[in-house]
Amino acid sequence: MAIPSTVPFIGLSWDDVLFLLFATTMIGTALLVVSMRDIIRCGLAMMASFGALAGIYVLLGAPLVAAAQVLIYIGAIAVLILFAIMLTQSKAAPARLVFQTQAVPAGIAAVILAVVIALTVTATDWGAVTSRLGTATDELARLLFRDYVLPFEIVSVLLLAAVIGGVFLAKREEGGPQ
Amino acid sequence: MDITGLPILTLITFAPLVGAILIAFIPRSSAGLVRATALGTSLVSWALSLFLLVGFLPSHPNFQFVERADWISAFGIQYKLGVDGLSLVMVVLTTTLTWISILASFGPIKERVKEYMISFLILEVGMLGVFVALDLFLFYIFFEIVLVPMYLIIGIWGGANRIYATIKFVLYTLVGSLLMLVGILATAFAFQAAHGGNWAGAFDYETLRQFSFDSTLQLFAFLAFFLAFAIKIPMFPFHTWLPDAHVEAPTAGSVILAGVLLKLGGYGFIRFAVPLFPEAAHTYAPAIILLSVIAIIYGAIVALVQPDLKKLVAYSSVSHMGFVTLGIFVFQEQGLQGAILQMVNHGLITGALFLLVGVLYERTHDRTIAKMGGLSAQMPVYAVAFGFFMLASAGLPGLSGFIGEFLVFVGSFAYSPAVAAASTIVMVFAAGYLLWMFQRMFFGELSDFFKNAIGHLDDLRPTEVLTLVPLGVLVVVFGLFPGLLLTLVQGTVTEVLHGAAQASAINLAFWQ
Amino acid sequence: MSNSLDAYLVLSGIIFAIGTFGFLARRNAISMLMSIELMLNAVNLAIVAFGSFVEALRTASSVIALIVMAVAAAEATVGLAIVIAIYRNRRTPLVDEYDTLRQ
Amino acid sequence: METLIPLIPALPLAGFVFTGLFGRRLGKRASLVPVLAVVASWMIAMVVVYNALTGSGAFAGGQGVEVHLWNWIPAGAFQVQFGFYADNLTACLLIVVTTIGMLVHVYSLGYMSHDPGYWRFFAYLNLFMFSMLLLVLADNFLLVFAGWELVGLSSYLLIGFWYRRRSAALAAKKAFIVNRVGDVGFALGIMAIFVSLGTLNIREVIERIGTLDHTQITVIALLLFAGAMGKSAQFPLHVWLPDAMEGPTPVSALIHAATMVNAGVYLVARANPIFAHAPEAMVVVAAVGIFTAILAASIAFTQTDIKRVLAYSTLSQLGYMFAALGVGAWTAAIFHLMSHGFFKGLLFLDSGSVIHAVDGEQDMRRMGGLRRRIPITYATMFIGSVAISGIPPLAGFFSKDEILGEAFKNGFLWVWAIGLLVAGMTAFYMFRLMGLTFWGKSRVDPAVEPHIHESPRSMTLPLLVLAVPSVLLGLAIGWPLGSGQLRTWLEPVFHEAVELAARPEAAYAFFGVDGALLITSVAVATLGIIGAWALFGLELPGIRRAGNPDRVRSLAGRMPFLYRASLNKWWFDELYDLLFIRIGGRIAAFLWWFDRAVVDGTVNGVGALTADAGRGLRRFQTGHVQNYALGIAIGLIVMAGGYLVIAGR
Amino acid sequence: MSAADFSTISPVVAAVLVAAAILLVDIVRPGSRTLAIATSLLGLAIVAAVVLWAGQSTADAFDGAYRQDALTTFLDLLFVAIVAFTIVFAPDYLESRDLPFAEFAAVLVFAMTGAMLLAAASDLLVLFLGLELMVIPGYLLAGFAKRDALSTEGAIKYFLLGSFSSAIFLFGLVFTWGLTGSTRIDDVARHLTDMLSGGASMSAGLAMGLAFMTTGVAFKIAAVPFHYWTPDAYQGSPTPITGYLSVGPKVGAFALILRLFIGALDPLKTDWLPVMEILAALTMTMGNLVALTQSNVKRMLAYSSIAHTGYILVGLAAYAAGRIEGLEGVLFYAAAYTFMNLGAFAVVAALQRRPGVTSHLDTFAGLGRREPILGVLMTLFLLSLTGIPPLAGFFGKAYVILAAVQAGGTLTILAVIAVLNAAAAAFYYLRVVVYMYMREPTSEAEPPKHGSLVWAGLWAASALTIAIGVFPGPLLDAVHHAALALP
């Protein structure tokens, strides 16, 4: 059975619907991340947001990026963050104020920022084509190890430095105060 | 002796630096050796400067004993030294006052002698450098170097409120001099731009003097230079750092401050501000003359009501320095000559007055005029010395102060009788505050305050006499034979006025 | 809509702004860290979107996106290490209580 | 002459330097060198005077002699020589200055013999002699000015000689400062001369003065006169002279009667062509002079301090001289200068002798009846009083009469009239002085009374010597009336001025207008004496009449205002105190406040404002990361806005 | 990766190897400070040698992503010097606080690697990565005293705000990249030139990108109003690290500005000129004003470093206004500032050798008497920071002011603001001198002994501070050549 090229009753293309779905999820979960009281739930919401973004990556024809998104963000960073939350969540600390006293100005600033970005983005001619272009994975690999080999190496050094320093800072010392 | 082959100016200027370095290696405990070294090096510098006096040819119009070496060739900045009559006079004044000040510090400075002497010698390097530098950049460097040791001298060995005074002194001076730096750089750049981007000579005084800058640059650059020198000299209304600095400075610091540092301003006007920017100088001259007249009268009137000896002398300096600026900016031969003489004389006379105030302060640790009285009988020699320099300061004919003042009067009379009349009135005020001070200190019965301190009130000691006698002799000699100085500076005066005479004021009618 | 670069960029901007809001408004250090991650994701979205719609950028975009992810990971590592270190000292993850250093 | 003339001032200078340096160690011997120096100076001066007045040697042909020592101020176009110039006018002054100076030195040997500052006194006296001689001999205005200031200095030192006395210290300061006020004018005058003529040499100035326009000359003349007013204590700068009596009496005699105060007269006389070119200035000179004369005389009426009476008398006589100068009676002015120098010097030395006798008492109300106790003093003082009163044939008569006569003949009737009145007043207060001091009953403090004694020989000798010219000077150089020797001597000096005035030179008519004037003035003087006689008594051989204090009191009561005005010196001291000390002090205090609060306040204010700004700005550094982030976000938005604006251009 | 590429990036490789060697030595001989220090210094010497060797030629590597030119060499040497000084000054301080040296040195060298990449980057991505490689170790270093509450507080503030600004910067980079279609700096510049040809103004997206990028770099150089992290991070960090932070990342960020704003965004310079002018004025003024009120020397120096950023920005603005001298001034100032500031912090660190000694002004009371040589050296550094001739700081200031005066117009006003600021700055620098020489010491404690390494470093820093001022010729030549390497 052929799937209709547009969604019945709504008239949008499937891609549009998917886009809207992912976009709405992403925005919704992002808002939850910044507004929920329970920080663990915030973490979970963040994971959901990352997932939605992975969907958009697929939609944009970058499946490898989508895969990396799932692996790195959801698999590594988000888990790391959740661990950190566990480590720093003292039971003695009740759910105090979520927001800083400056939440209102922060909100205003954020809204202005969003509006300005949206306006400038739409006002600019990006030289974009009207259809999405796909990226072949093998091409990507070649690129990564040939044209972008220097950045690739730098990233490895960066991660090395971050790990060395991170380990030093985070490790509990024998004889230390705690 | 052929002194032309030697880099004698460098030797004079940096001999004290050598002394300072030597002192740095002398152990702290042998204060006597430190003192002797300091005095010795300053005397070496002084003796060398006297050689300069011998070898100088007054009839020769250009700079003499010129030494030059490329320093920062990328910007055409040179290490260039040279003297004409004006700088020669100031150099000798500086070397003379320095050894006198060092000698005068032997008694009063007992703490941290080593640091003190090092500071003093570095101070001398800076002062001498200012007077011999013929490169604007080099000049600026020496001009600023002076600040640091003086800052320390006031701040470490000064009176109760010394930190306030010294910081005020440094900050105030810095504001002016940094703006002058902008002026110097702008000037150099204007020259460079006019010479196809070639930096050669852009900081060279002799080259720049030949170049005529466009009027906008002149107006702003002159203002920058003016501010620096007006603060230094100091002119009303930029003078308020001076009383504070004088009151807090140790005796020798006051002597150098009054004797040489204030002259940096006058010297700067004559050497740089006027010759480089003659049109701007003409343009601003009326305003500067007005400020000078105000300074002359105002300083004297305010001096009338000072409760503190040093403050009184400080305000009298404001008044006396007003003559210098007045003499310069009337653009008359006598005015300029008078201004130069006034600088020298004020250095000698006020220097001596500060020495004398220091003598009393060392004995009583007080300078409040109201507590004094009747010293004549107790310290007769001191009274005579004080009276002598007091009268010299009041402009008594026959002593040097009179000549400078009168020449300025004559110059200003030629410029405008009204200006001369307004400033001549100061003769009355000067007599007023000086005689009042003298009467309060020396006449009448011995005051209770002195009675309590009578054990300390011994008359002048030999060292103190030794510091005062050279100054006294010079005051008399220059009073009777001012020609000694006038012939030396004649070349400079002619040169400066010649340049200034060709310029005319800039039309400030911007609205046209 | 899904074929328009602007839509993705606007989405990216909105997420970026939400991240900014979180960063400005949340008190918890880890919340702030999460907000930064949101912002970086927004950037990545923009990168991939550009690659998908601009021919010249097509090949590079995915590589850049991957590298940015790696940087984000490095930042997160360091950040969490610092958070843990300060938590040991202060016993609180609330950043607005870290105000010993001020003025 | 070239060596002699410089020696005249140089010797006292050497004396001063020597005594100043070594005097302290010499004790009583300290006076030796100064006195010898002055005596030597006097002898040399007399040689010079003789040559000058006889027109012999270098002075041949009535020319002055110039001696240039060195180029004092070689400032480009401003060339001033250190040089001397002597002519007949100088000679006249030299006579007065050196003679009286020498006598005062001798007198001081006795008068000051018990003072601990003996050596100092002689050093100062020598300094004064040097300064005064420099003033008189200088060949240019600047050197005159130098001498001018130096005599001021010596005067300051000598008035304040007894510096422990507050009043002496104050008087010295007052003298110097008030003099300085006049000096400002003098200095400005010198500047004006240089700027308009390009020279300061007196002879050259006089030669070229005619080339200037009238206004310039008038200004120059008035400025010079301002200087003269200060030094010669003319109204309104007269206030210092009475106070100057705080100095030792020889000083009062020498400086404040006979020599220094004449400097103003000398200056105007020396610059006579300048004044002659400016008749308006002459009127001012005459008016100031005659006003001072009557003002001072009116004050002298009621003063009780013997020296103060003489001081006001001096003021009055100086006023006379200026009046003479103002009316063009140049010779008469110098004549009066000379005769007044001698008899006023005599009077002062006499008063010193009196004071010496009554142990320092100066108040005439505690004197009286001293005639027999100190006969030499009495006799010489009587001569002086008669001389000053203008009784013929003593010196004062000739000079005063000549002034009045010329004032009348030159058309200055008002000067003449006032002068005549003053002549009477002079006679009156002088004989009041005599009456109170020497005649009648003794009112001396009983404790002092037994010790009253005549002064030592060193003091009486100068009195006797001075009495001679007081008597004879008029006859010697003023006779015959109208064409005396002095007139001949000074003719070359005043020749030009007299010509300029272009007055018809009528022959002296003893049996005409001159005679009438003469008789009038003698009559008025006699009236004055009779008035004094009636009130304060008289004791002459044959006449003996006691004073009448009651009538004095009732007379004073009838004119309370005038009496109080006279007693309080017309309140000038109070007025000046109000103007210059109180109001001036307020202004100075205000300016100092202004300096601290406004000028320095601005400086400190800028500093404080900067620091305040810093303190305000540092509040932004709250320590809260989110605040910082908000700041960054706002900065970002503003910057984005800014760039969009730039892009939209 | 070809052999030529490898030889071109050899300095960076050498730096990474040094870091690795330090870690390796620590693994082999744990806790041996001497060995670690020797390794680090030797390694840095080798890096410097390699930099000089590589600097003999100008070359592009990795298809134009990495550029070796005179500017690279100049900056690389400067970074090596900064790190070397930091390593020299740190051991005393770290040892007395029981902090490990090897990790410190390794992380520091990693940061240096990042900075060196910035100096050579001709690709936006490399630029970003270099920046991250430079700053992420910086966060770690700021919190290096991990048991110290202040150090970690400073670190988390630095980290949070730094990441925030990195995200902003990256967003801006992406916009620029999206519009120009390339990450290569030359291509970007060429595209921008094309886009702006014919007098067209930049598009809204580009303006947005520019705003985000400017904000990002302004944060990294600590320009007002993006400076907030500086005082807190500087004050909290261990003092030798503060010294490093005040120069290393700052000079690195200026390298970024040179490569990005002057390399890539040069066509837009008339657009970013006014922004830089305003930033410069705000930065100088605000930094100095707040520094006036500080009583903690470290914090005071932090604010002063903000002010110095402002002076350097004057040079940048002068460049944007058309004077190459501005660029030279930036480089000269950076070099001059490095040594005097490191020296000043080194004195503070030396005084704080005993744990528990604060950097409050009171610590300096009577220093001139207690430790005369330290007092003299501190005075020297402070005078240089004030701008008293003939010291390095003066010449740096004179240079940027000269450039500003040459540019004329509004830049002249900026020059005047700069000198007025310099005068105000004298107050707080001299106040330290006041404490050192004009106050009595508060404690009579025996002064601590300082290691010979510290002394050597201090003497070297002071010698450089004097030498750059008295004989600026060689450095002038160097900055001249370095500046010519940019378009």
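Letters A, B, C, D and E mark the chains in the order given here, with residues in each chain numbered from 1 onward.
What we mean here is this: a contact is a pair of C-beta atoms (placed from the backbone, for glycine too) under 8 Å apart; a residue touches a chain by one contact, two chains touch by 3 or more.
Since this is a predicted model, take the numbers as computed values, not measurements.
Student: Going by the contact rule set out at the top, which chains touch both subunit D and subunit E?
Tutor: Chains touching both subunit D and subunit E: A, B, C.
Student: Identify the chain whose mean C-alpha position lies nearest to the mean of all protein C-alpha atoms shown.
Tutor: The most central chain, going by mean C-alpha position, is B.
Student: Please name the chain that ends up farthest from subunit C once chain centres are defined by their CA atoms averaged.
Tutor: Most distant chain from subunit C: D.
Student: Centre to centre, using CA atoms, which chain is the farthest one from subunit B?
Tutor: Measuring from the centre of subunit B, the most distant chain centre belongs to A.
Student: Counting only C-beta pairs in contact, which pair of chains has the most of them?
Tutor: The chain pair with the largest number of C-beta contacts is A-C.
Student: Cα centroid separation between subunit A and subunit E, in whole Å?
Tutor: Here the centre of subunit E sits 32 Å away from the centre of subunit A.
Student: Taking each chain's centre as its mean C-alpha position, how far apart are subunit C and subunit E in Å?
Tutor: For subunit C versus subunit E, the centre distance works out to 26 Å.
Student: Averaging over Cα atoms per chain, report the distance between subunit A and subunit D in Å.
Tutor: About 104 Å, centre to centre.
Student: Averaged over CA atoms, how far is the centre of subunit B from the centre of subunit D? Could you give it in whole Å?
Tutor: That pair's centroid distance is 38 Å.
Student: Find every residue in subunit D that makes contact with two or more other chains and list them.
Tutor: Residues 607, 618, 621, 623-627, 629-630, 633-634, 636, 640, 644 of subunit D each touch two or more of the other chains.
Student: Considering subunit B alone, which of its residues make contact with at least two other chains?
Tutor: 171
Student: Tell me, which residues of subunit E touch at least two other chains?
Tutor: Residue numbers touching two or more other chains: 125, 129, 132, 136, 139-140, 143, 146-147, 156-157, 160, 164, 168, 178, 181, 203-204, 206-208, 231-232, 424, 427.
Student: Going by the touch definition at the top, which pairs of chains touch each other?
Tutor: Those chain pairs which touch are A-C, A-D, A-E, B-D, B-E, C-D, C-E, D-E.
Student: Enumerate the contact residues on subunit C facing subunit A in the complex.
Tutor: 1-22, 24-31, 33-35, 37-38, 41, 44-45, 48-56, 58-63, 65-67, 69-78, 80-85, 87-88, 91-94, 96
Student: Subunit B touches which residues of subunit D in the complex?
Tutor: 24, 70-78, 82, 142, 145-147, 149-150, 153, 156, 160, 163-166, 168-170, 172-173, 176-177, 180-181, 183-184, 187-188, 191-192, 194-195, 585, 587-589, 591-592, 595, 599-600, 602-603, 607
Student: What residues of subunit A sit close enough to touch subunit D in their complex?
Tutor: Touching subunit D: residues 100, 102, 105-106, 109-110, 112-113, 116, 120 of subunit A.
Student: Note which residues of subunit E are touching subunit D in the complex, please.
Tutor: Per the stated touch rule, the residues are 156-157, 160-161, 164-165, 168, 201-204, 206-208, 210-212, 214-215, 218-219, 225-226, 228-229, 231-232, 271, 274-275, 286, 288-294, 424, 427.
Student: With touch defined as at the start, can you tell me which subunit E residues reach subunit B in the complex?
Tutor: Listed in rising order, the residues are 368-369, 383, 387-390, 394, 398, 401-402, 405-406, 412, 415-416, 419-420, 422-424, 426-427, 430-431, 433-434, 437-438, 472-473, 476-477, 480.
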